[in-house]
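Here come two complexes built around chain A, the first alongside chain B, the second alongside chain C.
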Partner chain A sequence: MEPLKLIVTGPVGAGKSTLIRTLSETEVVDTDALASEAIGKATTTVALDHGTLRLDGHLLHIFGTPGQDRFDFMWEILAEGALGVLLLVRADRPETLPAARNILDFVVSRTQVPHVVGVTHLDRPQVWRPEEVALFLGTPPERAVGFDPRDREEAVKPLVRLLELMGA
Partner chain B sequence: MSKQEQLEAILSELKGALPELKEIIVASPDGLPVVQLGEGGIAARLAAMAATAHGLGKRIATTTHLGDLVEIVIRGNQAYFIAYAIGEKGILGLTTPAGSNLGLVRLEAQEYARKLAETL
Partner chain C sequence: MAIFGNLKDISLLDLLPLLSGQQGKLSLRPKRGAELLLFLNNSRITCAKKGEAALPPHRVEEELFGLLDRPEAEFAFHIGDRPDRCLGRLDLRLEELLLKLSTLRDEIQSVAGALPLPDTVFAFADPGRAEGDPELRDFVRLAWSQLERGTSARELAGLLGMPLDRVRYLFYKLRALGVIQPLAQSPRPGRRGIARQLLGLLKRRFRTWSWSH
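This part shows the complex of A and B:
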């Protein structure tokens, strides 16, 4: 089975590392280090996350990126050869949307491959709907998928949509 | 002396011991520059990359059963980039030309990483 390389990107705290931990069927490589900034959690990804998953007859190799733009060299490295991009955004943190748009522009302009916007934290108060997030990002609304990366059944949803868009 | 000044003094001392060093940076574990000494204007970038290299190095060491990570060495044909953990508190990264006495650079850098751990 030819592996398909996908990347999961988006601002800090969106749930990229969580998604990969939830879904991976092989031991996850994560590179979280202690956070020195107030980012609402103790650790942050400094290099990559990596996990694998079989889905709809495909073997997916999922690479997660760091979120902060000081690590944009990792976005570039990890985007190399990716066939699809999943951008995660927190529904309850609209102030991170400009950073999300920056990452999307950076990655999509380099890869020219389909992308899906995964909207997380929808269970929190005062959230933006996935369609509103899509509108802000200039992405067609049908590419925005609301889901909870902590739950396995939920977590495959944006990947299933991405595979559809990739024609895989 | 403020903490920042103390850290700067330690880096100056290291530069005094090894004048051939080009860039010296202390990065937080998550890749922010804490103090730097160098001319390249690349400190912020190098701090992020030092954290990436160190984070990945730790994982490579675990996956391939190398034991605990001791150092990161990137060797170019003109210079080396070397990095050491400063305890759990940060990373010391430096560049030194290809002709340097690498044994000495390693010893000094590890010694200074220990000094920095006391101050950071």
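This part shows the complex of A and C:
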């Protein structure tokens, strides 16, 4: 059967690597390195994260992109033929929303791949709700899903939403 | 010739005030691209040429803006040189030009993280909304045919001979006003079947989650 590809993208610190580690059933290949600039965490993805999820005969390859927009050349190549793009955004860091919107604009205008916005860190004291994030990003509210990428049952939510919207 | 050097060491914002009281020819030779010649007299740019072409005022601004951030570009000032002939006589006050360029650079730097990516494709949403701002209105008219079909800041910068960041900044302002929006591609057809199949498989695998959301 045709291998399937899911792209996980978003600004630095949104939870992309965490989501892939949570969902993957095989050992995750990650490329974390010490951050060379102040990005709010010690390490960051410098090339790609990769994990897989097998669903009967279908093997879903999950690729995580680096969060910095200087890697934008990778997004178009990675998204080619992908099942969908999950854009992750932190609910408690509005300062990352413009970068997230730039990524989404790029994906929407350069690829034919459907997207869903996964909103993380909703357990923090002050957060943007998923529909508010959707409003800022200029995407319909049904495309934004709140979830916790550390929890396996939760981590599947944005993928489910993506498939529901694709199958509707 | 006594005044020469490289813009990576002495920025344009330092150099131009230094020369404003002089009469002569300023040659700016970037590492790539054609030489820019500015003829100065009485604190004004009176003629500007790139290659053999005389530049209109807006092109002079664009060229100088592109040279603001200390790129590798050699400069030399030839005191007393006058243009042999200049088809487009200019009267650009250096002081005003410098103020405009540095203000624009500050504006761009203040929103640098929010500027659209160079290859994102934008198209018109409501072009009429640019009418209230003369700068945006003129830019929209200049880029009309490209924005009708969809274009990126990188493509437009190349076509219009404008610095990429300047076009990204104009796109940023046009988007905020609702003049343009990303040109959405239609999703790839024929994936409804596989989506439904995978959804069913996921629902069997992850039984504990509430599917009602």
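As a convention for this text, the second predicted complex is superposed on the first by the 162 of 168 C-alpha atoms of A that agree within 3 Å, B and C clash if a C-alpha of one lies under 4 Å from a C-alpha of the other, contacts with A are read in each partner's own complex, and residues count from 1 in each chain.
Assume a residue touches a chain if its C-beta (ideal position, glycine included) is under 8 Å from a C-beta of that chain, and two chains touch if they have at least 3 such contacts.
For clarity, every value in this text was computed on a predicted model and none was experimentally measured.
In this overlay on chain A, chain B fits alongside chain C without clashing. Contact comparison for chain A: of chain B and chain C, C touches the greater number of residues. For the three-chain arrangement built by superposition, the Cα-centre angle with chain A at its corner and chain B and chain C at its ends equals 60°, in steps of 10. Of the two partner chains, chain B is the only one that A:48 touches; chain C does not reach it.
In the superposition on chain A, A:14 makes contact with neither chain B nor chain C. Contacts of A:106 after superposition on the shared chain: chain C is touched, whereas chain B is not. In the superposition on chain A, contact of A:160 is made with chain C only, not with chain B. After superposing the two complexes on chain A, the closest approach between C-alpha atoms of chain B and chain C comes to 7 Å. Put simply, chain A uses no single residue to touch chain B in one complex and chain C in the other. Those residues of chain B that touch chain A in the complex are listed here as 28-32, 44-45, 47-49, 51-56, 58-59, 63, 88.
For chain A in complex with chain C, the residues that touch the partner chain are 4, 55-56, 58, 60, 69, 72, 76, 83, 98-99, 101-103, 105-106, 108-114, 138, 152-154, 156-157, 159-160, 162-164, 166-167. Within the complex, the chain A residues that touch chain B are 29-37, 43-48, 66, 68, 70-71, 73-74. On chain C, the positions that touch chain A within their shared complex are 113-117, 119-122, 150, 181-188, 191-192, 194-199, 201-203, 205-206, 208-209, 211, 213.
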